[in-house]
Every structure is written in structure tokens, then in C-alpha cells.
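Shared chain: chain A. Partners: chain B in the first complex, chain C in the second.
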Partner chain A sequence: MKEYHHLLPLATGYFGVSSALYDFDGLVVIYGPAGGAWHINIEDEPRWYRGPATVVGAGLLEMDVILGNDAKFIDNIVQTAKGLERRFVALSGTPISEIIGTDLKGFARTIEARTNMPVFMVPTAGSEPYAEGASKALLALADKFMDPDAPKVANGINVLGAIHLSTGKEVHIEPLLGALRTGGFEPVAVFSASRPGQADPLSGVRRAPGAAVNAVVSTSGLALARRMFADYGIPYAVGMPVGRAGREAFLALLRGEASASDRPVPAPDRPAPHRHALVVGEPVLGHGLRHCLRHDFGVDRVDVVSVSPGDALFRQGEGCLGVLAAREAGDLDTDEEGRIAELMNDPDVDLIVADPCYRALLRGRAAFVPLPHIAMSARIHWDMAYEYAVDAGYDYLAGHLLHA
Partner chain B sequence: MDLDHARIKIADLRQKADFPFAPLEGVGPNLAGWGVIETCLLLPESLAVMAGPSACLRHSAFMAHARGFTERFHMLCVSELDMTLGNHLQKVEQGVLDIASRRDEKVIFLIVGCPDYILGTDFTGVINRLEAATGRRVILGAMAPITIGLKDSPFTSAYTAFFDFLRHESRTPDADTVNLLGTFMPLSDSGELYQVLRGAGVRRILQIPLCRDLKEFSAMADARASVVLHPLANGLNGKMVAEMDIPSCFAPTSYGFEAIRENYARIARAVGRELDVAAREAAAREAAGPMLDVLRGKSVAVGCAINGSPFELALFLVREGIDVQALFARGTIKPYEWELIERLRKVRPEIPVYNASHPALCGRTGDFDHVQVAYGVDAGIYCVNAANVPLSRYQEQKYGYEATLWMLERTREALERPVSNYDWIYGHNFLI
Partner chain C sequence: MIKVAIYGKGGIGKSTVTSGISAALGTRGYNVMQLGCDPKTDSTINLLGGTPPPPILQYLQEKGRPDSLEQIARRGFGNVVCMEVGGPTPGVGCFGRGMLTAFELLDEMGAYEAYQPDVVLYDILADIVCGGIAVPMREGFADKVCIVTSGEKMALLAARNIILALRNFADRNYAELGGLILNCRDMADEVERVRDFAAEMRTEVVGVIPRDTAIHAFEEQGRTIVEGDPTLPTSARFFDLAGTIVNFAAERNAA
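For the complex of A and B:
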């Protein structure tokens, strides 16, 4: 049984749904008691501040659960969705709807019939990893809005999995988008962020099937990438390019030139600042950080602790151009506080890169580079200055590793 | 969705059913509680263990982290499937045993959430076995928002549970001891209420957040009377009255001179002493004058995130000639507030009261652009051009005329050196 004391439990399924859908002008209904949506907005969705109603709670009460006042809640959702004129309605389950077996799929069909709006449900409960909720939400979004006849964009690229719980504020992925443009790609859609200047925030989603390649930057984008290969034949590469070497390696993967591990990497021109690093966080970014620490900074051993399941990364299916990651002996998938504390306090580890919340587990003298993971610390470190993607990520890490 | 869906004139707000119905919950920092974990941990020598799905734990953990309670707070993750099948009881029991083996607190609050509440999970055996195995008191509590408005709030229930540590105390009434119930941030012992009570011969004043251990807390059983400063304490106080025969009065944090005078009169009756506050009121009125002058001519909004009642503060401001343009409230209007609403209706019936959690209100800041001073972080969200004065229950606490002057000082400070609403919420953690 997992126990937490110093850490927060990571965001779970319906947080992921919110993260994936927040930017697309819909109404996300968290079907649970009062308070669920409140906490998502106040703590996990700083984008909420002074914005329109996007993630709202059903506000279930005891008697509603006992008596099954489904009609009342369907009425409430219809009334709100129509009144707010949102572009779609998404229903997301909570522990309560899971336990009492609420038929949210039936809700969705009824609400869609009564509003003539796109309505879908995302099956979540309350204990599954946030990336799973986000992944399901992205698939549902694709089902509803992608245009199979979207015009083809030569060198067009979609970025999949850029949800704020994994990649933070949109500004943090701008360096990546810039690098893609410089590398000859034209971003078509970013899942999940509307792009500046688009009157319809869903226009990128609609046009996404016209892209030539997909870049998967977190595990929540993997299922969508596989679906888009199956449906539209769009190949994909997986990775979050951190630093200079990562940028080059990832661009090469996207071009189908070589797998990351095949490419020769020049040795860094200075001695490594550390011998043994531990990276704790989202799997794709974690492996991207390893690539950077090793190839840009010469750190010999880098272990990656994936706090959400990372297995899917290594199940390369058809259409996968390559993955900027490789499983190594010291890697581990766990979000257990006690286990992570053990690893962080291994006397051999002299560098830790992790969300600042993990610092509370550190008893030894290892250097600590704070890199917020919003699924852990949410609003607490939302406004912190940090970078990870491509050269900006290199500069941020260099500031800690070389100039501290 | 029209804003009219989210508001009602105070003239028409006569009963709970009149309050604008929110079909779905929009959000804002407008909840009135303290957080169940924070409330439990007010009890000295206590530890809180919360068991439930990760999502529910994450919600509570944020508040505990924001208030620095992490040291005495542990969480056990339980899956929905285990709960439905009842497989979690053994795991939770073992989890609590493991935690208890590493800790020396005398009291363990085991907090469960909505799923166990709805499933009707029976923890009696778990609690009995844990008490026998650890020798500690183990109290079951619920962080169950699913009960909001139907039963005592989770916060009230947790606070009421403290009675378990008083009920067995033999009571030897001490005429010189008074309990102050319902403080989270404690009142200072150099503050007005302490001065007034001490001036009347009260020697010992007890507040739960200042009790160093359970022994000190148990001295509350001997008090001459209890003064309830926040409705949250009504449950605990009710038991102390009914089962221990400790007199009490309800005298909530207020800002208006009249309300404060009435509060002191109630306190005087409860403690059986005359309280000399006339000079304090005169001095406060004189000191408040110039600060109220600054507010006259300005548009003001009052929200429900303040410490105290937004209706009481609005009534005070209106009576002082200040232009209150909007009130923000939730549907959980407290019983004592209906009389304040009645009084307010007589002097300014046209003031709109907005349901602070109505989805139609979210993002509608333009409708409040004219407001210049907003009390409460919930009002501050909507009133983007206003100087925001949080009057948060997490700031230093004042009582009596001192609270009036503190409120006005904070107003002056906000007008001269404004702090953004965003910073109050996210920088200072004034989230509820």
C-alpha cells in the first residue's frame, strides 16, 4: 500500500482529462462530489485563474448518490452547456461515479441529443495515473474533431502529449516548437494547447490528420500517435529533446535518418560535473534529461525514475520512427515515496533532477536541480523559472551544473 | 448564460431556496472551512492519517502542505476496487499500525473520504484493534464533501470530535477560566479580547491552537464559559453545553461597532462579568473616522472568503455611508446571517448577492470593473481593478474593535500598496 508523507500523491485520471482538454474551449464536467473540480482548478489548473468556467463539478450529494438523480444532473449539464455556449462537453468520472457505476456514456449520448453539441465521456475513476486519463481524453478529442480529409501539410508536424501536467506552461514548449521550425517542420497542432491567433481553438485538432509526422513528447500522447498511424498513416517519434544533443538526435529521428542510439555523439569539452545522476519525473522527459546529462554534460551514469508508467515507451509499434529513450539497469517505474527516498539518498548518487517537492526526501549531500513536474507540485511551482526543452534546457541545466 | 442566473437582490433573499442555484459548480477560493486535516491537527499531540483514492488524498494534501502540517500528516492510497470489495480494511489497519510504530503522538485521526462514506464501510473493528494494539486513541473522521449542506460539514465534525478528549474529564468549574472556541490562527494574548477579559478578572483564557498538550486542552472542561468565535465550533460547543453544562455564547468575528457591542454583551452574560468596552468603542470610532472617510465615495464589494460574515461587514460599511456594490456568497448561509441579511435589506435592498460558485460568473470580470475595493479573495477574483483586502482567516486574527481598525488599516494599506489577488491566493495561500 502506497504511503505518502512528504510528497503529494501525483495527479490522477481526471486531472489528466482536465489537462488534456482545458485549452479547447469546452466544458469538462467532473462527475463527483463538490470539491473535486474545485481542487483541480485551484491547485492543479492555474490556467483557471479569472478564466471562463471550463472544469466544473457536478456537486453530487449523498442523496443524489443513493437515489440516483441522474435526470437532474443531465438537466444541469444541458442547462450549463447551452448557457455557456462551449464547443463541447466532456464528462469525466471520479471514485464516486466509479463505485456507484454511473452510466456516463449514456449521459453523454443523452446530453448530445439534447444539446446538439459534441459530447463525450472519458472513463476515469480516481486512482489511475494522470497520463492515462489524458491519453483517453486525447483519443476522445480526436474521435470527435479530427478531419480525415484535412489538407496535407508538407513537413507538417503535430506535437502530442504536451499537456500542462507533464510539460508545464506553454512557454516551456516554445523552444521545442522553435527547434522544429528551424529543423524544417511546420507545427500543425499541439495537443493540448490552442495556438496563438486561432479563432477556433480546435482548428489544430481538426487539421492534425494533415501532418506528415507526429512528435510524442509525453506518454499521454502515445496512444494517439498509434491511433493516428493506424487511421492516417502518420509515423511518429517519441522523445523530449533536452539540450543540444537531444535536439539533434530528436530531429534526426523525426527525419527518419537514424535511431538516437546509432548516432555518434561528440564528447563534452569539459570534465563531467557529476558522476551519478538520478532523474525523477515524467518518463519521456526523464529519458530526455538523461540524454542531455550524458551527452551534453558527460555524466556517466544517469538513472531514470518514471513516476508514471513508462513501459509503453518501449513497446515500439508500427509507424514508430524511434524513441529518444533506452531502458537501463538502474531505471525504475515507481511513484512510491519511500522507494524514491531510498534512491535519492543512495550515497553514490551525487546529482538529482526532480520537482522541488522531492527535495524534502533528500537527506544526503547530492546536488539538486529543481525541475517542476506540474503533476506533482501543480500551482506550487507553476510560476518558477525553469526550462528543459532543447537549448533553453541546456542553458537551464548548465546554470545549475556548471555555474552553481 | 446571463449573470442574472447567478445573482439575487438582497431584497429578495429571504430564505435558502431564494439563493441563486448553480446547476454545476464553478470554482473560486470561496469555501468557508479550514480543511479537515488542518482542523484535526489543531488538537495537540495528534496525528492524521487519511486513507482513500489518490485523487482525494491529493486534494487534502495541498491544504496540509500550504499550512505546513505535513509533519503530522500521512496518506494511505486505496483503490476504488479495494474499497468496493472491502479489501482495504486490512490494508488500512496495517498502514496505520506501521505509521504509529514510527510516531509518538497520543491521538490518531483516521480520515476516510466520500467513497467509504457512501459505501457505509464499518471501521469499528479496525479502530478497536488499532487502539488495542497501539494504546493510542484512534478517531474516525470523514473528509466527505458529499455531505455538504446535509450534515455537519467535515470541518465541523472534525472539530466536534475533540469532545472525546473532554467528555471523561471531571469538571471543577473555575470562574476565572474562559474558553475561546473556533480559532484557527489564535488570537494574540496581547489583543483586545484578552485585555477585556483580563480586565474583568478572567485569569485563564484557553484556545485550542495554543494548547501545548492534551492536559492543557483538558483544562477546557473547567471553564466558566465558552465563547464561540466561528460557527465551526458550534458542534463542539453544543456538546460542552449539553454534556458538561458549560455556559456559552456565540460571538463571531465582526467588524461593525454595533455587532461588536452586541458580541461583548453576550460574552459578558456568558462569563458573568461586566465588560468595560465603552471607552474602547469611543476610541475605535475616533480612530476609524479618517479611514472610513477614505472609503466613502468608493465602490466596494464584499466576498465570503473573509473571516466573519460578508453580510455583517457589508452592513457595517453601508451604515457608515460606504457604497457596497456587490456581495459574493455561497448557498451555505449560516443561521446567524439571516438576521444580518434582514438588517441589510432595510438599508440597501438593491445590493446584488452573487453565488460565488455559479459557472455564469466565471470569467465575468468586466461586470465589476468599477469596484475599487474588494474584501475577500473571492471578490478580488472578479473585481480586477479593485484593491484587494483578503481579511483571511489565515492572517493574524483580531477581535472586537481591534478587528475594525485592523480591517481599515489593511484597507488603507491595500489602497496605498496593493497586492494582487493572484499573489494573495497563490503567493500567500489564501485559497479558502
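For the complex of A and C:
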């Protein structure tokens, strides 16, 4: 049994669905009890305050579940979807639909027939990690909207897995997009964010099969990358390039120069005064931070604690150009508060990079660099000033490590 | 491959009819998979000499996810792959949800790819009392639904409910109604009654199984009548029904 005294459990599957689909002007329906969408909108979805309602709950009451009032639920969704003039409707499962075996796939067909809108179901159960829910949502989105005949874009690139629960506000991935452009790539689609100047926020999704390569920046993008290689032959590289060395290594992977990413990196001009760091957070970003701390700041040992499952990172499938990550002895996949506290308070650890909520677990004197993980701290640190991607990430970390 | 779900009123003879069809198909050389969907786990016993296979849900509870399909399947008469969903002790738990779990497990374990059945028969308990019992009708599971009925009023009422449920869900892409199978109780004008009912419901009677004490005599031995004596006139009816099921597959492939 997991115990939480200082932290909240991480967001689960349908939060991930919301995160992955929020920016595409759809209606995300959580098949949960009355009030079920409240915690998504109020706690985990900071964007809710800034735009129209996109996530709604089914508002199920006890008798709805017992008597299976499907017609009432479907009528409500049809009316809401028509009233809000959404571009699609996505139904996401929760423990309720999982336990009573609600046929959300069948519901989707009925709602589609009655609204003439694209409707799809995301098979979440509410017990899976948020990253898995987001992954399933991205696959469903791709199945529904990707155009297999999309025009080819020379050096076109899609960014997969940039969901707000993992990568934060869209502004935090802008430095990455800039580095990709400078590196000769042309961003086609970002999953999941609409691009500026697009009247149809789904246009990137539709055009995504025309890209030449995919960049997977969180585990939520892995399944989509594999599907897009199988369906469209688009190769992919996995990694979140943090700092300067990470930028160069990731661009090399994307160009298919895997060996170049392993080239020895010269020792940093200004090493940080730390020897053993612990990074806690999303696995792809965690490994990106390790690369940066080691190569840009000379931190010898960096352990990565992945709070959502990171195994899939290391199962390289066909079409994978490379992964900016390597499993090391001190790494661990866990979201258990007690275990993370033990690691943070290891006397050998002198630097911690983690969401600010983890600071409550720190009893020792290790330096703490706050880096929000929205799946943990939600809106609490949404507006905090921080960066991680490429040079902006270097500057942010340097501000903490070199001027402390 | 064609997948057919057999529904009907409790006690109407669904397992007898389903096993008879499986035995006839197996005798004719078809690869058949029969999945009993009833906590009593008695759908396939007459293909297996009276001994049912390990129920899937009980296996999951006691031993966890099976490593291979062989742990939950047995080969019966006619080389039919026999499986039973199993289910909760009467009075507790939720069988409908359990059935969904078992169906998903078979899907995940690649049962259909492994056995490559020409015909899959789901033998489903009683009426569609909850969403879970309708699972076999859903997209991805059965292609056709056949309803076993007699000419009795209550059996026809149950059949009507099942047909209405199917038609309610037409826009969800559920299975199509294949027709009625009359399992005779020796009522006066029984065949006409059921044919009239079928016409009213815009369907047809796809098979008629006469009342025959030989069926029960062979079941006492843990066998179907098709296995016991394939030359009997009643066995011939099962071979006819098997042919109808095979035609479903041909029609589907043609479409």
C-alpha cells in the first residue's frame, strides 16, 4: 500500500486524456459521478480558468448507474456538444464505466450518428497513470483525424507527448521548437497544442503524417510514434533536450546520427559545485536533465527517479533513431513518497531537481532546484518562472547552480 | 471466421443446442470454439464427457493471469475448443462485469488468432439483465445473435426482449439478429406459433430441434446426440443448423 503524507497521488488516466485533448477545441466527457470533472477543472487543468469549458463530467447519480440511464447521458452529451459547437467529442472511462462495463464505444457511435460530429472513445479505467491515459488519447485522436494523404513536408517534424501535465505551459516548449527550426526542421504538429495562427486547431493533427520525423518528448508520445512509424513510416527520436549539450545530442539523433550523440562532450567551462544529483519527475525530462547536469554542469552522478512508468523508453522499437536516455544503476521508477524521501535525504546527495512540492520531503542540506511537474503540483506552480528546454533550460539551471 | 452469440430464456436449452451445433460443425471438419457464459459452467460439459474446463474467472482469482490458453481451454468432441467464463458464487459479485473481463482476456491473449476458429459460439445465460450480459453483442465480439426459444409464451417474451435490445443498439454497430432456433416442447401448433412470432419480429426460424428423449439419454453420458448417434433424425437437424451457421460466414464474407 502506498502512503502519502505530504504529497498527493499523481493524476490518473482520464486527467491525461483531458491534458492531451484540451487544446483542440473538443468536448472531453469524463464518464464519472456528479462532480467528477470538478477536480480536473479546478485542480489539474489550470487552462480551465483561461478558456471555455472543455472537460465535462457525466454527472452520474446512483440511480443512473444502477438503472443504466444511457439515454439520459447520451442526450446530455448531444445537447452540450451541439450547444458549445465543439470540433469533436471524446468519451473517457473512469472506474465507474470500468466496473459496470459501460459500452462507451457504442455510446460514441450513437452520439456521432446524432450530432454528425467526430466522436471517439478513449479506453481509460481511471486506475492507470496519467501518461498512459494521454497516450491512449493521442492514439484515438490520430485514428480519427490524421490524413494519410497529407502533403509531405521536407524536414517536417512533429513533437509528440508535449502534454501540459508533463511539459507544462506551451511556452516551455517554445525554446525546443526554436532549436528544431534552427536545426533545419519545420514543426508540423505539436501533440498536444494548437499552433499559433491556425483557424482549425486540429490542422496540425491532420497534416502530421506529412512530417519526415517525430520527436517524442514524454512517454505519452511513444505509442503514437510507434503507430506513425507502422502506418506512415515516420522514424522517431526520443528525448527532452535540456541545456546545450542536450540540444546538440538530440538534433543529432533526429538527423539519424545516433553515434554523433554519443560523442565525448568537452568538460564544461563552469562546472556546478555538486557531485551527486537526484532528479525526480517525468522520465523523458528526467533523463534529459541528467544529460544536461552531467555534460553542461559536470555533475558526476545523477540518479533519475521516474514517477510515472519509464520502462517503455528503453524498449526501442523499429523506426527509433535513438533515445536521449540510458538506464543507470541508481535509477528507479516509483511514486512512493517514503521511498523518494529516503533517496532525497541520502547524505551523499547534494542536489535535487524536482517539483517544488517535493521540497516538503527534504530534511537534509542538499540544494533544491524547483522544476514544476504539473501532474504533481497542478495549478499551484503553473505560473512559476522556470525553463528546461535547450538553452533556456541551461540558463534556468545555471541561475540556480552557479549563483547559489 | 463467424462469431455467433446464442441467447434465450433460462432453461430453454441453449447449451444443448449450442453444443449440438458445435459437435456437428466439428464432425464436418470445421474449427470451432465454444465459450460458455454462465457461472454454472455447464455449457461445454456434453462436449467433454461431463467434465467442464477450468472456469476463466476462477482461474484468474486463484492463479492470476494464465500463461497460456491451454490452461483455460480443453479440446472436446470434434476437436472443439471448449472454454467456460465461470463466475461468482450465486448471490455475490457481478457476472456481467466478469464476462467482460473474460472476453477482454481472450482478446488480449490472442485466442482467436491462436485457434483460428471458423466458428465461435458464445452460449450466454438467460436474459440480458444488465449491460454486462450484452457484452457479446458489442462490436468486436459476436457478428450474429441467434435466440433459442420454444413456442411457450414466456420464452417468446424473452426472445422479444432480446430482439428489442439488439434493435435499440442498432446505431452502436452491435451484432445482427441471425434468427430463431426453435427447441420444441411439443406444444400444439408450436412451429406455426414461432414462425408467426418470427414474421412479426421481421426475422426467421433458422432451425427446429424436435423434442427427443435421445438428447437427454446421451447427455446423461456426457455426450451430445450428434456424438451419440449422428444418424438419428434429430442429429440431422443439428447438421442442418450447422450448415446455416456456416452460411452466415459465407454471407458475411460475401458482404
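Keep this in mind: the second predicted complex is superposed on the first by the 397 of 404 C-alpha atoms of A that agree within 3 Å, B and C clash if a C-alpha of one lies under 4 Å from a C-alpha of the other, contacts with A are read in each partner's own complex, and residues count from 1 in each chain.
The working rule: contacts are C-beta pairs under 8 Å (C-beta built on N, C-alpha and C of every residue); 3 or more make two chains touch, one makes a residue touch a chain.
Everything quoted here is computed from the prediction, not taken from an experiment.
Visitor: Identify whether chain B and chain C fit side by side or clash on chain A in the overlaid structures.
Guide: In the superposition, chain B and chain C stay clear of each other.
Visitor: If we overlay the two complexes on their shared chain A, which of chain B and chain C does A:A230 touch? Say first, second, both or neither.
Guide: So A:A230 meets neither chain B nor chain C here.
Visitor: Mind telling me which of the two, chain B or chain C, contacts the most residues of chain A?
Guide: Chain A has more residues touched by B than by the other partner.
Visitor: May I ask you to decide whether A:D103 touches chain B, chain C, both, or neither, giving the answer as first, second, both or neither?
Guide: The answer is second: A:D103 touches chain C but not chain B.
Visitor: Applying the document's definition of touch, where does A:A113 land relative to chain B and chain C: first, second, both, or neither?
Guide: A:A113 sits against chain C, while chain B stays out of touch.
Visitor: With chain A at the apex, figure out the C-alpha centre angle toward chain B and chain C and round it to a multiple of 10 degrees.
Guide: After superposition on chain A, the angle is 90 degrees.
Visitor: With both complexes overlaid on chain A, does A:T94 touch chain B (first), chain C (second), both or neither?
Guide: Touch status of A:T94: first partner only.
Visitor: Could you say whether A:P9 touches chain B, chain C, both of them, or neither, answering first, second, both or neither?
Guide: Touch status of A:P9: first partner only.
Visitor: Report for A:P33: first if it touches chain B alone, second if chain C alone, otherwise both or neither.
Guide: first
Visitor: Quick check on the superposed pair: does A:L67 touch chain B, chain C, both, or neither? Answer first, second, both or neither.
Guide: Neither partner.
Visitor: Upon superposition of the two complexes, what minimum C-alpha distance (Å) separates chain B from chain C?
Guide: 8
Visitor: On chain A, which stretch or stretches are contacted by chain B in one complex as well as by chain C in the other?
Guide: In chain A, positions 99-100 sit in both the chain B and chain C interfaces.
Visitor: Could you list, by residue number, the parts of chain A that touch chain C in their complex?
Guide: Checking each residue of chain A against chain C gives 68, 99-103, 105-107, 109-110, 113.
Visitor: In the complex of these two chains, what residues of chain C are touching chain A?
Guide: 94, 96-97, 100, 130-132, 134-135, 138-139, 169, 171-174
Visitor: Can you name the residues of chain B that touch chain A in the complex?
Guide: 1-2, 5, 22-27, 29, 31, 52-59, 61-62, 65, 70, 73-80, 83-84, 91-92, 94-95, 98-99, 113-115, 117-119, 144-150, 359-360, 362-363, 365, 381, 384, 422, 425-426, 431
Visitor: List the residues on chain A that touch chain B in their complex, please.
Guide: 1-6, 8-15, 29, 32-39, 41-43, 46, 48-63, 65-66, 75-77, 79-80, 83-84, 94-96, 98-100, 125-127, 360, 378-380, 382-383
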